[in-house]
Structure formats: structure tokens, C-alpha cells
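Labels run A, B and C following the written order; every chain starts at residue 1.
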Amino acid sequence: MEDLQERNQLEQDEFEQNQVILTPGQLVAKRFFRNKLACVGLGIIIVMILFCAIGPFISPYGEYEIFYINSTTGEEVRMKEDSVGGSDMGINVKAPISSAHWLGTDADGRDVMTRLMYGGRISLFVGIIVVAIELVIGVLMGGIAGYYGGAVDMIIMRLVEIFNSIPFIPLMLIISSVLFASGVKPQHKIFWIMGIMGVLYWAGVARLVRGQILSLRELEYMQAAEATGIRTSKKILKHLIPNVMPIIILIATMDIGGVILTESVLSYLGVGIAWPFASWGNMVDVVKQSVILKNYINIWLPPGICILLTVLAWNFIGDGMRDAFDPRMKR
Amino acid sequence: MSALANKNQKKELKEVKKFNLRKYREYNKMMRKKRVPESEYLTKMKNPENIIEFDNLQSYFYTDVGTVKAVDGVSFDIPRGKTIGVVGESGCGKSVTSLSIMRLLQGPQGQIAGGEIRFNQQSTGRVLNLAKASIKEMEKIRGNEISMIFQEPMTTLNPVFTIGDQLCECISLHNPQMNKKDVEQRALETLKMVGIVREGILKNYPHELSGGMRQRVVIAMALACDPQLVIADEPTTALDVTIQAQILDLLRELKNKINASIMLITHDLGVVAEMADYVVVMYAGRVVEQGTADDIFHHPAHPYTIGLMKSRPMLNQKVDRLYSIPGNVPNPVNLPAHCYFKNRCESCVEACSGAYPAMISLSETHKVSCHLHREAGAAVRQAGGAKKQTGGKQNVQ
Amino acid sequence: MSSEYVVEVKDLKKYFPIKSGILQRTVGQVHAVDGVSFRIKKGQTFGLVGESGCGKTTIGRSILRLTDPTSGEVKISGMDICHLKKKELTPVRPKMQMIFQDPFSSLDPRMPVGEIIGEAVKEHKLVSKGEYKDYILKVMKDCGLRPYYIDRYPHEFSGGQRQRICIARALALNPDFIVCDEPVSALDVSIQAQIINLMKDLQQQRQLTYLFISHDLSVVEHISDVIGVMYLGTMVETGPKEEIFKEPLHPYTKALFSAVPIADPDVKMKRVILEGDIPSPAKPPKGCKFHTRCKECMERCKQEVPTEKDMGNGHVVSCHLYN
């Protein structure tokens, strides 16, 4: 009988040892890549990043290079060339799609394709930086509030409520005019905007992280860590943070899309990225002129599509992440 | 080597997915069908005394890793007015069996893949195969002729409605001819039956009641429409011992009053011994042994049943060391062809490596699925169903 | 004398404040544990039984200082635990460990088994670096875990194996005393027996002292040497297992014992069925806490709190019937 037991055990050992073991991280990745929409989203984002990062090096034109046209010969002249300045020279505005300008030129005579690349850089950059800022502040504040509780928690949560009740768009309008009045250079304005958005957005993150930590703290493995006498710093680093990570990643992916959208709204309102720099938002903003809206789709549709695709892709990724982290949430 | 294995695995997974998709589609098609002709689900009972007959029921879950045969060829009967106890460990398919009766499996992943559940409908005198009956037919039966008591009373009751709302809704839904006053009267009567005679109970919300009270309300809801069969899925597991005693007492009393059958699903052998007339022991989706309470508790035949009994410490019985069944329940995906209990069994014989053992009758009521009892079963057959002689003796150790 | 008893609990109280309103003012107190005293001899198991909400888990946690008791005294191996500062507590921690009820939430899902078991060993520097891996493997072997589990993650294990990992984690610190908070109630019957046997074996090998908290009387009877029955935050009866099961004295104990279903259809026990429900611990009844449900309630029970009375052989009961 002992023999039989032994044999069964060995059999099982062999079976179990041959099984492919996956770490929780690998499991998440596997579930993520099984989700087709999430993969599509990831693909779109990668293409977008490549397009915006490498594109400008390939494109022969500059971001705010204006093209002129010789009105008698119909020949296009670049800004650098000496011949600019003749009396028969005009700006090559709203040029149609051609082999020189794949998406034509805009109302100021700049190459739309090239601006799309530069604009994408700004939009993606803004998204990532703002989310990074809000995560750093939010996770820190939420973590402190959740872990220590009591009065600290109370103060931080009231702060969160205050931040949550600040009307965002009017504030941005005011800040923008203050920046303009105090003579901040257009190329620096973008950093100001990113900073302010990040500082304003941390409240939501903090609330989520705090909730997560509160529920984790009550779990028995945290109690066990306490009972075995593990240091507080280690408890936070080895138990809390890895288990809060999913929600942090989730917030990050879900928020990037939102931030890109907000940035384009701001740019559209003229509060965001200033002329002459491009962002997808201020490229779309030309639809304010009904002539362009009606006749020159090639100027405003591409940036619109870019915004749509990017935000959609981030949302797909976020959805995929959520399902991958917690398969039970899926229906 | 491992790359090849990996590749094979991937291919397998793909096939599983394809297969599942086909099954899901079939299921959805079936669900969408509005009118199912009666002839498709009308059958005949084997024994008109039974209220439910399971015949080779198969309930499968089509998951991404493969088909989980949660219930695989289960056959037993529930006689009228009797209590059947279904015992087994978690994951043995006892809850899935009961959900199959109600057709409440989570579709399209969970489906009844085969077999019959014959239901002797008293009100119409028909016999329905619940595995195939139309949704409309099922809606009439659920809560009306077959009702269910769940494990967790807090989640069974809706927290935003009062007890009265929920109970009255349940009654008026199945008795549309009653007016409001009658319904309320009926609700109070049912509550009285389960031992709640409190002023204003109908206006209470579930959270205002204690666990035991809530379970009483749930039982009242189940009994409100005079069901023929009450399925109690672990009705006392979430309760304290003294409250459990109250509820069990209540259930026993009620059974005599309402003349219904009870299908009691539990992992607690003690509860079964107190309540059940017949016992069904399940393991890994199959019935391994069934019989009267006396058969199972005094003459257990299957090594699993014996192990289960011995591994449970009993009050006022001193043992130095508990018997423990070694190992774990097998993985429900890709179950072996041989007896599922073989790897944990201490009395394995050669035949155990062969095919899955068939059901063997040890007596008229006592059946077991184990190779150890082949001769005993043959003897019974020869003696023409003579009284059990060998069933228990072999196992006295 | 004190060396004989590993754990001494004296008049332990734990009240949880009930807060309400925006200012979070304390409006009342939940008397979770209300003056409990008991002692556990070295190498013995003290079984604590009672229904949900009677404060048995709170006792376990207070003894280990996972919650700070309101008042009272807890001595472990002669050392007063209650008044140590958090920092002073850390070196004492390994001597007292806990096994939790839910094997699914008591293991960090993002840590491999080896690390779960060894984390605290490293923290307290119990073994040198060279011996570390062998030590972990030995502990795992003692708990019936296969050596190749060391790199696996908790999600791959069943409830029984997870509970073995929990036991291994506690055992790796070489404790004297383990609080077992319903360690088997989340497991299947056949697995329960495995875990109970394992715990008994380990107790014999290592001279462990257990505080075994459970609502399951038959399990407690099997594993314990001394049993304490709790009702609503107070200990109503304590005594050696044989005494208590042979002759339960307190009316609550009697009711509790008779409520346990017996796995034998022929045995029809005479039930003492208690009426009503357990009162809320926020508003415990005056006098004897059990008087609202007691069949033998006297006028005196409603006014006076009964004192503990020793009936011989260490069998102590708090009931006016025996005074």
C-alpha cells in the first residue's frame, strides 16, 4: 500500500513538474495578448509613436516652414531660398494634396503632414508627462492616506475633494492669460500647461490608490506580514506596492487618452500649445473657419483622426489591462 | 523540446477555442428559439412515484483551457415527499446538478450537454424533460413548483426592498388572481409557518434581521407557492451551530407539513444524517455511491465514502489520529479514463487501472460504482435482488 | 510556575468604538472581548469555541498584538506583550505566530512560495545565508510540500496546499506558540483531516503550543486538550476536554453541544434548541449575558454578573446555577 502511494506521488510529481509555470506577470501578459482589441490598440500606439518620433527626421520640411508660390509660374518656393520676396510671390496656402505635400498645406502655407508628426509628438508627450506627474503625486498622497489613516487620511481626502471641485477649463483660461501677460515664451508654455494639468489631476489617482490600499491592508497576508514582524518599509515595498501596481498601470493607460483629449480641447480653445507650434488640437482648430470646414477636409480631418485613433487605442489597452489583471471583471 | 511542447499546447488551445465557439453558437441558437414543440420535451417517468429522475445528466462548462465535465453522467431519483441528501466536496458537481434542474447554468459556457431531467409536473399531469423544456415552461416552474434555498441569505434577499415587498411579489407573481390583501395575508401565514411572528416584519429590510431570521425568510419565500420540490443548497453552512439546529429543525417540521421533496446539498455528513432519507455521494462530477441513509452511514461501500466518514472527527468519539484521504481532487479538465478516485484510493485492485467502474447494485436501494464490489453485485443479481449481504462487511476494519 | 504556562491571559478586554456623525464622535462601544482570562500549558492545545461574533478572533489578534487590547494582561513565555512598544515587539514576533482562516487571502499573490516562507526568516536573520535554502526546503518538507513548489506562485495551489504554505510560513520562524484562527473551516472535509493531522504531528515534533479557534466543535474536540467556550465576549466555561464533553455545565455549552449534527441517522439526540438570536455586542444584556436565551434563567441572572466557579479538575464555569 505504501508502494502504491509512493508511486502515485511520483506520478503526480512528474506530471506537475512538466507543467508550464507562469508567474502572475506572465499570466497577465498572456491574458492581455489574447484580447484582440487590446492588441490592435497596442499596434496603433506603436505606429503612432514611430510616426511621430521618426517621421520628422524623414520629412524634408520643418515644423513651421512656410511655402511660397510663384503666382506666374505656379512653381513652389521654399522659405530658405533666396528668390523669396519677389513681387509675384505669394504664400502657398491650402495647397491640394500632391506628391510634394502628401496632405497639402494649411491656411498659413505649412505642410500638414509634417505638422501632424510634430503635433503628435507634443500630444503624446503631454499625455505621458501629465500622467507621470499625476501618478507620482497621486500614488504618494493616496499611499500615505491609505496606509497611515487617521488625521493624515482625513486631511488628504479633504484636499482631494477641494481639488476635485476646481473647475478645470475656466481655470486654464485664466492661467493661460496670466502666462501670456507675464510674457512666457510660447515654447515654454507647453511645460507650464503640463505641470498644471498634472497637479490638478492627482486627486482622482489619490482616491483610487487610497481605496486599494485600504482594502489591501485588511487582507490576511498583510496581517501575516505584521505577525511575522516584517519591517514597515519592506511591507510597503514588497507587499503593498506590487499589489497596487495593477491599479496604477490601469489608471495610467486609461488617463493618457483623457489627457490627450483635454490637451486638444485646450489647444482648440487657444489656451494650449501656442502658435507657431503644432499640436493635433490646434491643427483641428482651423475648422472654426467655415470655408476650411467645407472645402479643405485634408487640413483638419487627419489630426482629428489621429486624436480619435490614439485615444481609442489607449482605451482599448486600458480595457485589455483591466480584463487581464482581473479576469472576473469580464462579464 | 519544450518549444515543441509549447507549440502543441498552443495548437490544442486553438482547437479548444474553436470547439467552444461552435458550442456557444449552438447554445445561443437554442436560446433564441421561441417556440419549442411540446413533443420535444414531453417524456414518461420510469416510476410515477418519483418527482425528479436524473438520467445520465451531463452538464459541461466549455472553458478556454478545455471542457470541464462538472456533472458527467449522473443518474438518481427523487421520490415524492422524501429528502435526498447530495454530499460531496467543493467542485464535485453537486451545485451544478441542482442548477441544471432550474436551468440556471451560466450560459453559454455552462450547458446541459446530454441526458434527461424528468420532472413529474403535478399541476398538469405531464412529465417534462427539464433539460430541453422551453424557457417559458421553465419560468412557470421556477419558484413555483421547484424552488431553491441558497447558502448566503444576505445575497439572496434584495437589500433595497422590504421583506414584505419581496415575499408578496413572489406570491402574486405565481398567483395573479389574488388581490393585494390576500397576498399579504398569505405572506404572513408563510412567515408564521417558518416561525416568524413579529409585528411589522413585512415592513423590515433584510439588514434589520439577523442571519437566522434572514434564512427563515428565504425559506418562507421558497415555500410561498407550495412547491413540489425544494432544493436547499448548503442552507445552513453560513450559519452558527445553534442557529443551524433551529433551521434544520424547521426544515424537518416543514417537510411533513407541506409534503414536498427536498434535495439537500451539503458537504456536512452530520446534516445529511439528520435530514436525509436517501443519500447520493458525488465525486469529481460522478455519483460514486447512492442508497438509503442507513445504507450509506452503516454500510458504506465506496472507499471514498468510507474515507469521508473516517476523516471527520465525531463528537464523543476518541481517535488519536484522523484518517485522511491522501492527495487532492483531480483536475476537472482532462479527467483520466480510469476511476477518478484511483490515485487517492488505498484499496486499489488491478481492475482500477481499466475502464471507469459501472454502477453496481448491492441491494435494491444501494448502488456503488467501484471495482471492489463487482462480485457482490453479481451475487445480488443472481439472488434476484436478495437483501444486501456483503455490502458493509468488507469494510469493517 | 510561569515556565509551565506559555500563554497567560488575564482579564483581557477589547472594545471597539462605534463612531458616527461628521466629527466621528464615539457614540458607543462594541464589547468584543469583555474580561477573558485563561492559561495554556506548554505543548498543549487550547480550543476556543463560540459562535460568530463572540470575540474569539479578537482574542487571537489581541494576544499577538495585531490589535491593541483595551486593557488586561497577556504574557507569553513570561513576557508581558501588552505594554511593549512596537519596536520592542519585533524581536519577540517570531516566538508567536498565526495561521489564518482564509488560505486564499493570506498569501501574497505576487510572491513565490519560497519567498513567502522565507521572508521573515531573512528579516530576523534566523539562519545564515548559506543555510537559507536548505532551511526553507526542510520546513517545506516538514509541512508536506514538494521541493519544486519553491518557485511557484500561490495561484497554482489548492486550498489545502495553501494552508500548508501558511503553516510553513509560521513554522519557519520556529515559534513556541501559534494562534490558529479557524485553520480548517475553509477546507473540504477530506483535506481538513490532512491539515489537522499535520498540525498534530508538528505539535509533537516541536513541542508547539496552540490556541485553536474554531466554531466546529468536533474538530476542536479532536485537537484540543483544554477547551474554552465563549459567548458574547465572555468565557462561560473552561476545562479539560474530557470533563467538558462528559459533563457540560453551563446551559449555553449544553445547547451548543447538542446542536452539532451527528453523522449517524439512528442517533436522534435530544436537542436543546435555543430560542432567538445572539444579542448585539454593542448592547450586551445586563447581568449574565446569556440570560435572554437561557431556559433556566432566574431573577438573579438578570441583575448580577456571575463569577467564575471552579468545579474541580480545572473545570471552571460562570453561571448562577452553580453558586
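Note that contacts are C-beta pairs under 8 Å (C-beta built on N, C-alpha and C of every residue); 3 or more make two chains touch, one makes a residue touch a chain.
On a predicted model such as this, the values are computed, not experimentally measured, just so you know.
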item: Chain-level touch network, classified as line, ring, star, complete or other; value: complete
item: Two chains joined by the most C-beta pairs in contact, as defined above; value: B-C
item: Distance between the centres, which are taken as Cα means, of chain B and chain A, whole angstrom; value: 52
item: Chain centre separation (chain B, chain C; CA means) in Å; value: 34
item: Chain B, residues touching no fewer than two other chains; value: 326
item: List of chain A residues in touch with chain C within their complex; value: 13, 16-17, 21, 23-24, 27, 219-221, 223-231, 234, 238-239, 242-243
item: Residues of chain B touching chain A in the complex; value: 6, 9, 326-327, 343-344, 346, 348
item: Interfacial residue positions of chain C with respect to chain A in the complex; value: 61, 64, 66, 89-94, 96-98, 100-102, 105-112, 119-120, 123-124, 146, 148, 151-153, 155-156, 166, 169-170, 173
item: Contacting residues of chain C [partner chain B, same complex]; value: 51-52, 158, 160-161, 188-194, 196-197, 200, 215, 217-219, 221-222, 245, 255-267, 271, 273-274, 277-278
item: Chain A residues within the chain B interface of the complex; value: 1, 4-5, 8-9, 11-12, 20
